[in-house]
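Have a look at the structure below before the remarks.
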Amino acid sequence: MAVAGGNKTKVAVIGASGYVGEELARLLLRHPRVELVAVTSRQFAGKTVAEVFPRFSHLEKTSELRFSEPDPEQLGQRAEIIFLALPHGRAAEFAKPLLQGGARAIDLSADFRIKSAKTYREFYGHDHPAPELLGKAVYGLPEIYRKKIADARLVACPGCYPTSILLPLLPLVREKVANLARILVTSLSGVSGAGRKIEADYLFAECNESMRPYGVPKHRHLSEIEEQLSVFAREKITIQFTPHLVPLNRGIITTIYVDLNEMSDAPSADERPRRTGDRRSLIDADSIHSIYEKAYRDEPFVRLLGDKLFPDTKNVTGTNFIDIAWRFDPRTRRLILMSAIDNLMKGASGQAVQCFNVMRGYRETEGLL
Amino acid sequence: MAVAGGNKTKVAVIGASGYVGEELARLLLRHPRVELVAVTSRQFAGKTVAEVFPRFSHLEKTSELRFSEPDPEQLGQRAEIIFLALPHGRAAEFAKPLLQGGARAIDLSADFRIKSAKTYREFYGHDHPAPELLGKAVYGLPEIYRKKIADARLVACPGCYPTSILLPLLPLVREKVANLARILVTSLSGVSGAGRKIEADYLFAECNESMRPYGVPKHRHLSEIEEQLSVFAREKITIQFTPHLVPLNRGIITTIYVDLNEMSDAPSADERPRRTGDRRSLIDADSIHSIYEKAYRDEPFVRLLGDKLFPDTKNVTGTNFIDIAWRFDPRTRRLILMSAIDNLMKGASGQAVQCFNVMRGYRETEGLL
Amino acid sequence: MAVAGGNKTKVAVIGASGYVGEELARLLLRHPRVELVAVTSRQFAGKTVAEVFPRFSHLEKTSELRFSEPDPEQLGQRAEIIFLALPHGRAAEFAKPLLQGGARAIDLSADFRIKSAKTYREFYGHDHPAPELLGKAVYGLPEIYRKKIADARLVACPGCYPTSILLPLLPLVREKVANLARILVTSLSGVSGAGRKIEADYLFAECNESMRPYGVPKHRHLSEIEEQLSVFAREKITIQFTPHLVPLNRGIITTIYVDLNEMSDAPSADERPRRTGDRRSLIDADSIHSIYEKAYRDEPFVRLLGDKLFPDTKNVTGTNFIDIAWRFDPRTRRLILMSAIDNLMKGASGQAVQCFNVMRGYRETEGLL
Amino acid sequence: MAVAGGNKTKVAVIGASGYVGEELARLLLRHPRVELVAVTSRQFAGKTVAEVFPRFSHLEKTSELRFSEPDPEQLGQRAEIIFLALPHGRAAEFAKPLLQGGARAIDLSADFRIKSAKTYREFYGHDHPAPELLGKAVYGLPEIYRKKIADARLVACPGCYPTSILLPLLPLVREKVANLARILVTSLSGVSGAGRKIEADYLFAECNESMRPYGVPKHRHLSEIEEQLSVFAREKITIQFTPHLVPLNRGIITTIYVDLNEMSDAPSADERPRRTGDRRSLIDADSIHSIYEKAYRDEPFVRLLGDKLFPDTKNVTGTNFIDIAWRFDPRTRRLILMSAIDNLMKGASGQAVQCFNVMRGYRETEGLL
């Protein structure tokens, strides 16, 4: 990589001890345009990155770079862009001094994903610690908010479920073909989605050969999903969402049920909808395909599987891709959307690096392929 | 077990080489009121049960009992009740001579689950091999059809998904509280649900760390689910159903979205529905509880988890139980039903033995606890 | 089971909150000759067994039986036999008052497995809390110490690894065919072997898709393995032992390398050893088979797989069996022994119930098949 | 990557449909110095790489590059270096015309790993199909045979087990500190090690929650391990080797027991061996460390974990590293070596690409980090 040191961006990761922080550190250490100047963790302060993460102990600098106690002021001076991989509530506390000091921040917690402090309180159970910053944050979904991200001082990376749900849904919302009052979503998540939480529920012997729904009916991620949908639709949207915990390390599968608008005509004899020339029934297989092509044709991290293939987490594990497939069901006249992501990559750290590339004007795939 | 040999029922299993057949053989060999006189398998003919299934090689008789080629006539003379664990299409061929010879049969294939030969053809892609028997078969869901099963000559054991879907749904249909036009179901299944199919898709390295939807939008099990719902509702019901394959050996988790009828009143301030005295809004948490209590209070294999716990496959693996939980979502006014079964037990072989106990007048839990 | 209540033995489980205690509670609740009068757990005190262990919430009594704080004196009066499922160190404290009060105890910790207080100190790092009881304890391997167990007041159930190692080895030691100076053992264990320890190392995402050796070179279980071998051999035996953690819930696979004594003659042309009439080379395939047949022919929980089959944990999971296989390697003149057990059954709770049956004169398989 | 097309090496993969071939295709498609001109597979002929391997369908060229029928002559003209990922026996047939045509070949099968046609016949059960080529093949372990590989026309990539065994062992053999008559090895392998074999034994439900030894006592990989050791030691070496199948996708853990030579002195009081100045007892912890440092200090793909850490497959999965740790056991005076690799990377395809880099004079890590 013939990139001079001077061309690199100095970055730091605050809270690099969880799965998201670990993946972020790995990506940044391998990124040709990044110089990782600091990683912080109270738990690991004093240890080298190589000691804490033997998986990438071969990477340059990991034997010298030591975890430090988090000190936002000092970090703001040393790094141009700071990644916050902290629990919600904590991230906002750190963001304030960092932004005041002139740094830009990419937050992977839930703290800045929602514009409404009231919604935050409703879903997270406490007052927002820095409501004055809510208006400044840009929702870090590059496929949707690329331009705003480029100029943002504070980027709020979407949650893993919201990423897997919004990217398939938003093109349909934009084209007004979905009945927004009737969206239902089922998601399946691997166990790393719970973070490196040391709780009995996430022990191997409790998760292996187990699967279970949880967070029904009001999972916290609903707040950002519904807010984003509502912004797009310019009306208040409420959806149904059921997450499930399944025994794999990484990956999310999301299945979305969408009632289509304006399907006035009966499907044709072969039970596949067709373009009829009637404006009111324009949603057929070709139209759906066109909507997604238009939305994502040039997106480097969206792979459209169409109506023949199915998404499978094993095809996205370790990558920053989202795979999106769909089926029209002529029996119920619903559209079924299906997506797969790696919850730690496109669902968290990979997307954060993608945002970083956008913010710095780098090629969007830099360090991610 | 002080049961004289003369009190035992002679049974045979045709097609005992798959996972369903193996589990059935195990249950029958341990059943105190059963004498297993024959097991058939073309693949294993000549081998002893102990050789083929080392897991239960310690059970009595497994060293003498040898797999034989299937010969319906002879089996019909030796056994009083015959279990058919064959692929669909094949089972019907065997059922005909067995029934003519006077034996009773419990079929675990899909061949007799549907009353309509036309529906069978639509979903299974070929004409039904014995349409004249369709009217004689009883759908083997003891919680629903106990009396008919007791007298049946031919019992068609439900599919694994249908069992996990119908048991939670039917009480609501019976009480007319569900909007039958808007039922959506998502299911997750362990890999043994695919049977012992030697195909690349089911290799360990293809399924482990993988999850994927499949069979969208028209999985074959829809045929029996919809037929059963339609019978109960006395109108044609069409539902949405999406199965997913997840990396565990056994277990099904089903999540069902139900729009409630007649919820005319707004939910109360505390966001939980309440009994109002108004007939039109009788569905509240207590009512739902009552409906399930009434339906399943005395059922030996239904455990009602209510609206606090979540089903988890690990609690039902290796058992014949179905665990059922529910949540009312005041935001969407939907009821979310969740169930867990072991696909090889309550979803197949355990339910077949439960039917057998009903047919013979034995205690329904005999050999199953 | 037509066993009158009066014929049942009253038992209690102290420390029933781990995996071993849970499995023990399950076995005892289903045991036809047992009345479980108390279960204790500081963590769960006040909760019912059904609440804590939903997996067997259908079993009678689980909705009434509540966890209590452990109180050895009171328990000693209410129960005839007490199972101790506590961490090592703690078990000895409870055993003392129980035995003094006249109860019999079955301890599943490591506290009474070793006769030598010095060895205990060497391997467990602290003085033995009740050295005066060491001489009274019987090592709870029924296949070896059945008679002593029958009369014992204190039974020390072997560790999971020791069970999987000693049962294959002891017949060879007894027959003096193994070179005792050169025994090497490799074991693989599922994660429940670590107990319900809430530590980062045992989180799903740390264990799944991971395997690793640990406890090298001096795992604690060496103390009891070597002591038992030394007792049998009447000389001090030191062995090599390497355990590995692998991603499954239950099961141990043990592979043992044994240099054979007195193989003076070359193996025959077909590379399989044969009986030659020469006393000094009596170890051939037939002899090995005879040794195991003689040792275990009538044992209800030992399945001899011989030199054709391989043990597989899936054949023993959920059972109290040990499967034992062997191979003679003519190239190295070593014998390779291989065994499989379920670490929570034959490796802990199942074996404890087997000991209980022996102590009470019940059929040894009672409640275990 | 500022590498001109003209600087790229044209390569082809014959037999790219298995796990090894898939991983190879992925690595070569991402390799900055490679132009993959052909992939062959009878099964997939006509399909694009993107269709067959959706996991890397985003990589350039995968939508145009189609699998073809294997045609060695034509391939030999189009590619400079050909990778053979075929079953043993088949690879040799293809190698012959390729080499005659002037191409260089990297074979991932077992066909050219052994110098002795007699040994091949003994272990593989049939005559070697091209014995005249055996002398020309170089064993593709770059850490050992780098110079020979650089000039080789035919490189035989080691098996996965041999790689995990030879790299830890050879430095000790070279330094003559190991008793070569007494080496024992236990290995654990994930299921992809069996290849994409569509057999019942490798179905998910047969492997998950299962572990088992196999191939005892004479696994085929012994042939190459022993031949390599014998070459180094200049005497015939026979070792003990027991592989086990465990339920993960990728990874090998190898544990090696080594009796040390010349340990005439008693270990010192602190139970750790020390350098004494006496030539006969030079093996102490420091010496072992020195031996490995000397052997592998500058190796880009060897990570020495020393005597404090343990190898864990999760740290090497998806990488070309081998992690090596050791422990001296003062109780038995044995050295225990432990290693971890990804069987598809350092155990197969990654190592093949490493050899390729050596053959072409590229940086050895090119395309592998």
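By letter and in written order, the chains are A, B, C and D; residue numbering begins at 1 in each of them.
The rule is simple: contacts are C-beta pairs under 8 Å (C-beta built on N, C-alpha and C of every residue); 3 or more make two chains touch, one makes a residue touch a chain.
Everything numeric here is computed off the predicted structure, so don't read it as measured data.
Undergrad: Does B-C or C-D have the larger number of C-beta pairs in contact?
TA: Pair with more contacting C-beta pairs, B-C versus C-D: C-D.
Undergrad: What chain lies farthest away from chain D once each centre is taken as the mean of the Cα atoms?
TA: In terms of C-alpha centroids, the chain at the greatest distance from chain D is B.
Undergrad: Could you please state the distance in Å, as a whole number, between where the Cα atoms of chain B are centred and where those of chain C are centred?
TA: 37
Undergrad: Where the centres are mean C-alpha positions, what is the separation of chain B from chain D, in Å?
TA: 48
Undergrad: Roughly how far is chain C from chain D, centre to centre by C-alpha average, rounded to an integer in Å?
TA: 38
Undergrad: For chain B, give me the residues that contact two or more of the other chains.
TA: 206, 208-209, 247-249, 312, 314
Undergrad: For the complex, which residues does chain D have touching chain B?
TA: Per the stated touch rule, the residues are 19, 190-192, 196-200, 202-209, 247-249.
Undergrad: For the complex, which residues does chain B have touching chain A?
TA: Listed in rising order, the residues are 184, 186, 188, 206, 208-214, 216-218, 238-240, 242, 244, 246-251, 253, 255, 257, 310-314, 317, 327-329, 331-332, 334, 336, 338, 340.
Undergrad: Flag every residue of chain B that touches chain C in the complex, lowest number first.
TA: Contacts found on chain B: 2, 30, 54-55, 57-58, 209, 300, 303, 305, 309, 312, 314-316, 318-319, 321, 323, 369.
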